[in-house]
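Dropping the structures in below, format is structure tokens.
Each of the two complexes below includes chain A, the first together with chain B, the second together with chain C.
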Partner chain A sequence: MSKVEHKSESGSEESTGECAAGDTKDDKGLGLGVIFFILAFVICFLSGTLLFPKLLYSKKEQPFNFDHKLHVEQTSDCESCHALREDGSFNGIPKLAKCMECHSETPLGETKDEAVFAEMYVAKEKEVPWYVYSRQPDCVFFSHAAHTKTKGMDCVTCHGPIGTSTTLKPYEENRITGYSRDIWGQNIWGIKKHSWDRMKMDDCAECHKKETGHQGYCFQCHK
Partner chain B sequence: MKVDRRSFLGLGLGAVAGISVSPVILKLTDDSSIWTQNWPWTPVPVDGEVSYVSSVCSLCPGSCGISVRKIDDRPVKVEGLDEYPINDGGACLHGISILQYLYDPARIKTPLKKKGDKFEEISWDDAVSMVAKKLSDIRSAKTPEKLACIIDKDQGSVSGLFKRLMKSFGSTNLYTMPSFESYLELTAAALHGKGTTIGFDLENSDFVLSFGAGVIEGWGSPVSCFKANASRKERGAKLYQIEPRLSNTAANADKWVPIKPGTEADLALGMAAVILKKNLFDAAAAAKFKGGFNKLAATLQNDYSLSKTSEITGIKETDIEETATLFAKAKMPVAVFGKGRGDGSQSLKELIAVHSLNCLVGSINRKGGAFIQPVKNYLEFPEESMDDAAKEGIAKPKFGQYVHDLFEKVNVSSQPAVEALFVYQSNPCYALHDTKTIKQAFGKIPFVVSFSSFMDETAGEADIILPVHTFIERLEDIPSGAGLAKMVVGLSKPVVKPLFNTKHPGDILLLIAKALGGSIGKNFEWASYDKCLETVAGSIWKSLSKSGHAILAKGVPEAPPEVDMTFLAGNPASVQSNGDGDLMLIPIDNMRLPSSAPAAAPFSIKTVSDEVLKGKDTVVEINPKTAGSLKNYDYVTLTTPVGTAKVMINLNDGMMPGVIGMVKGLGHTFDNKYVSNKGVNINDLIGPVIEPGSGVDAAFGIKVKISRA
Partner chain C sequence: MNKNDKKAHKFGMVIDLDKCTGCGSCMVSCMSENNVPFKEDESNKKDSITWMRVYKLTNGKSFPETEIVYLPRPCQHCGGKGDHGHSPCVSVCPATATDYGYDTGIVSQIYTRCFGCRYCMGACPYHARYFNWWDPKWPEGMEKYLSPDVSPRMRGVVEKCSFCYHRYQAAKDKAYYDGREDIEENEYQTACTTACPAGAIVFGDLYNPAHRVHEIVKPDPHPASINSTVVGKSRNPNVFRLLERLGTNPKVYYLSEREWVRKAGDNYLAGEWDKIKNHHGSESHG
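Showing the complex of A and B:
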């Protein structure tokens, strides 16, 4: 046997041996790989589902608490404060002047929040910088008059039973878009149980499809 | 077990798979699409309650009604006010840019005092007491005439308060900047008697003979003129435009008649000669002419034959005859005057000669003609109480009739002729001819007080600046002028709360008067300007406050007034231009560029074409025959007896050979990056030429030398 042949043989022997050994290691490696895969999968999945929303949204407290229930009891409806203007546009969150139709620098009640309101805003004639949970992007046109007045929809359908709440929840702002978490909905999967859980375009389309038979055209909202 | 690369692969794949089935990718895709469609750095109009406030624009004498749209307290858009008697919903580019003036970078935010070359901020109390102290010193020296004042216009309550302060103080040296209104009043005074003015019924005229009036380029009340011109074709009315340049108005006219600059008066007289010769004049009207009409007729026949007029003006005899005949034979002709915007220097002889054509064909106080009416003094100020110093002061003669007389007096006097000067809402250091001389005069006045909203060229020369609200931050009566056939007073309202530490000019005068005390203080005993306006507007206040305007006169005035031909019968000499160059430099009024205060808004200057302003260079118009070997956008140096300037040229067949046209309104030097340091101010190149007989600065241009730069 020549030197070359010997080398070749021993080489092939070595390689065979390595392959055999490798097969055994592969099995073990695959097993570990599977464990790592599962581990990483679970960690990432849980992070994406549980940790991600906490990172995505920053929590902001409203300037002071507002008791919707108390106000609804006094006024008996939503429209006393959230009203359509003469031109049909919606006033949204009322301005200070509207509040001052009832309130003054002297608080009506005894709550700490009203004292803050009277002292910090009424006395200084400063608008309250409320965070608006339902604020849509500027590229969206929405007419409250068309929905509530023409079609007689209830505020609750989109805004939920906010009129019975006694406290304001923290405003969760999406760090990327700057909009409220309530647009996407509390459920990070976007799953809703009630009609007011989400305010995305698909939710508008879904209701329109159901009520009018057509989901609507782009320009109806994106003018 | 050994951790190898496959373990890492497993780890990576697991991570990717875990993330993929979590909501992260779905959510981030959605969020990033929202983010990219609503860039956070892009300004978004704030949502709020929409409201509209009606007011009146006072950027020019056009006095259009405006409607300002507001979102909550913030004005966001200006539009023309529907059914307003002057503009009926129309607006010009300056009117829609009003809000840019509000936020102009050159706004003066608080009272300022000159210290060295710079200004330092002072309080209102300090500023007013410094002014009052200086004025008291002038009065103590028994030289009240040494307080002079320049205001932007003659009419209105703020001008009325300035006049009242000057009179109570004892000075006659109050001057208004040259304006179309002042020329209308001077022309009317010469022909129909003092205290009258002229309006043109363009919207009903069937033949408009325009002697260089930029009917669609800012002349008169611009929007009203646009509307009258727009309906011209429907009405079958004609427009003949006489000027050296194919302006937009000339291009829009039925006929353009190019004329040698400065010979318009001769053409008008030549046309009058044709009308007389052909017996086309209104005999009944002419029978009542006074002041040597026969003498004038003889002069016209001798000196203004067709051949002579043609030689002087450079217009073919047939064109002169045809135009004069068509004008005289038209049912409702009107000849309009005031070159360009009508507010630049004008020759009174020319204006009177042109208006004489209206008188000759009987187009006075007739539908579609020229309306002669008394200037309406609709304000009822109580009579001033005058102390001895004031009585002595107003007995002293005024330095001259016109604002250039004031500066000449200051410049020729070795001792200060003027100790203190008030300048209100005008920019003489930019807008008057030979700005160098004007600035020199400012340097010789020890105490200059500027009432300006903007740090313009003149405010920069002041010792004290008392910043005033812009007109959309204040209440004020705005009388219409601008040669309108109807007389309307509009009420300019505070559309927005003042942005800065500024005051109403009326309130500043009240403060100064109170600080001076005595009879001056007594003459200004109103609690505020707003109260003062309510009181002095008297009978029209109800209409002003209720409907936002009051109509003082509309429709055809009764009986034509008398016509006195004395001025023309004296055969006054025509104005000649200064200099010894081969070419004539004339100013061009461009609708997009205001030539007086305030300067153009950033938006307006952006609309100026490359053939007027290219980069930072003024582009002058020149006929290719005159330009010789020069090509478009070549740099040239223009040299006049007053100054030199490097400009670009634009070869334009529409410019008469031998004439160079340069736009007005460029070359501002104050601190406003949008408007200033663009082009050349033509007033740096043209000097005043005082017209014999009238005393007005009638420079229509200047001789210029041109050389390749």
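Showing the complex of A and C:
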């Protein structure tokens, strides 16, 4: 102990002594070191924040653009297309048959996207290969019925204001896990401002703890 | 939801060994229902995975007294000592990859959380847990037949019977849709139960006196008089559990009218069986 104290004392003495003496050569080395450290930190920080997400996520365009706002104006709700089935399961993104309740081979409007839809998918009776932003990992079980029907939760709480959007953003897929970026959230630090910013297990657990007093047992959300 | 909650269930099973013919339908239905991978050489039992496994027992006597009984063994979903939820496997898992659901009494296994240390396999007295030494290999095109309700496992994790929990999830979904509070007995039945051609397996809620499993087992909710760690001992003299005296409190009960079969459920010292064979759950409790 005393040895250590002695060492540190002598060390500090030495450095103060150097400063007092004004040894310019050593000062320059220290200054360069500090500059190098700051520079390296800034480069690493910026590449981590700006470059890393670009490296981590690959961008994929949806088959064609879908105007949610326009459709909500026509149907006035989400449930017209995204609905519960009679067995209580959720239909997710509707199949072509659902779209064809309104659409046919001759477009209803004049948008380029609808023309693509009518020509490429309706005419050929081919399902649209949408990328699902909120697709959860394989091991997750989620009951839409429990949340929307029994507890009356709003779609926006988890999915955000998708109903007012006019364009579809590119689908970003994590190159390592294959999951959508919307699970982790847009913010690379994992900071969230709205309830719909992230869809991780912690976010489910957080709300469950608040609303039901317990985050639930594993099998409540896993399969 | 805690264990004192009135809405809590305790799902369990009673298997009539006098009805079981050893046909193996339960094993087959379980494997296909739960995406259980099979191996090129299924005779290698160190490698093969069987959530439900049928064992063959004999009374060890020579002809003409030879008797054979087949004993299907799913995960026992132990409640642990005193039935407090400290199952042998749950207690030892360092990753919380398996937990005890106090709302259902079902022991979970979360494959993405498991890192394959296999402590749980060592802790399980029933050999109900299996390790994936290899990634599953499905024959060409067969992956299209996998159930989307059960996540397939990868190399390096442990798996076991879940009492077909996905069927409970589906039944609850339907109940939510209909605006019902709870599910009916017939809405949630495991694959092995529905597949058994002899009707030897009965599945239901051990807390619900209206369920058939409760009618057969008549579980004593109080600790047993000779071993306080044992809870839920059957008041039916023909019903027993495997290694019951350990206090693991399995939710899988077995039924047989033959004494040697009931004796085969545990290991007894000389003379021990005669002392305890007439100890059943107390009749005095409702």
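Going forward, the second predicted complex is superposed on the first by the 188 of 223 C-alpha atoms of A that agree within 3 Å, B and C clash if a C-alpha of one lies under 4 Å from a C-alpha of the other, contacts with A are read in each partner's own complex, and residues count from 1 in each chain.
In the analysis below, a residue touches a chain if its C-beta (ideal position, glycine included) is under 8 Å from a C-beta of that chain, and two chains touch if they have at least 3 such contacts.
Bear in mind that the values here come from a model prediction, so they are computed numbers and not experimental data.
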item	value
Chain B versus chain C as contact partner of A:L55, first or second or both or neither	neither
Broader residue contact with chain A after superposition on the shared chain, chain B or chain C	B
First (chain B), second (chain C), both or neither touched by A:S89	both
Touching partner for A:A97 - first (chain B), second (chain C), both, neither	neither
Which of chain B and chain C A:C218 touches, first, second, both or neither	second
Partner chain in contact with A:A146 - chain B first, chain C second, else both or neither	second
Contacts of A:N174 with chain B and chain C, given as first, second, both or neither	first
First, second, both or neither for A:V42, with chain B first and chain C second	first
Those residues of chain A which chain B touches in one complex and chain C touches in the other	87, 89, 137-139
Residue ranges of chain B in contact with chain A within the complex	1-4, 6-19, 21-24, 26-28, 30-32, 34-35, 37-38, 40, 44-45, 47, 49-50, 72
Complex contacts: residues of chain A adjacent to chain B	25-26, 28-49, 52, 56, 85, 87, 89, 91-92, 95, 137-139, 174, 176-179, 184, 188-190
Complex contacts: residues of chain C adjacent to chain A	1-2, 98-104, 106, 108, 110-113, 149-152, 162, 165-166, 169-170, 172-179
For the chain A and chain C complex, residues of the former touching the latter	84, 86-89, 137-139, 141, 143, 145-146, 149-150, 214, 217-220, 222-223
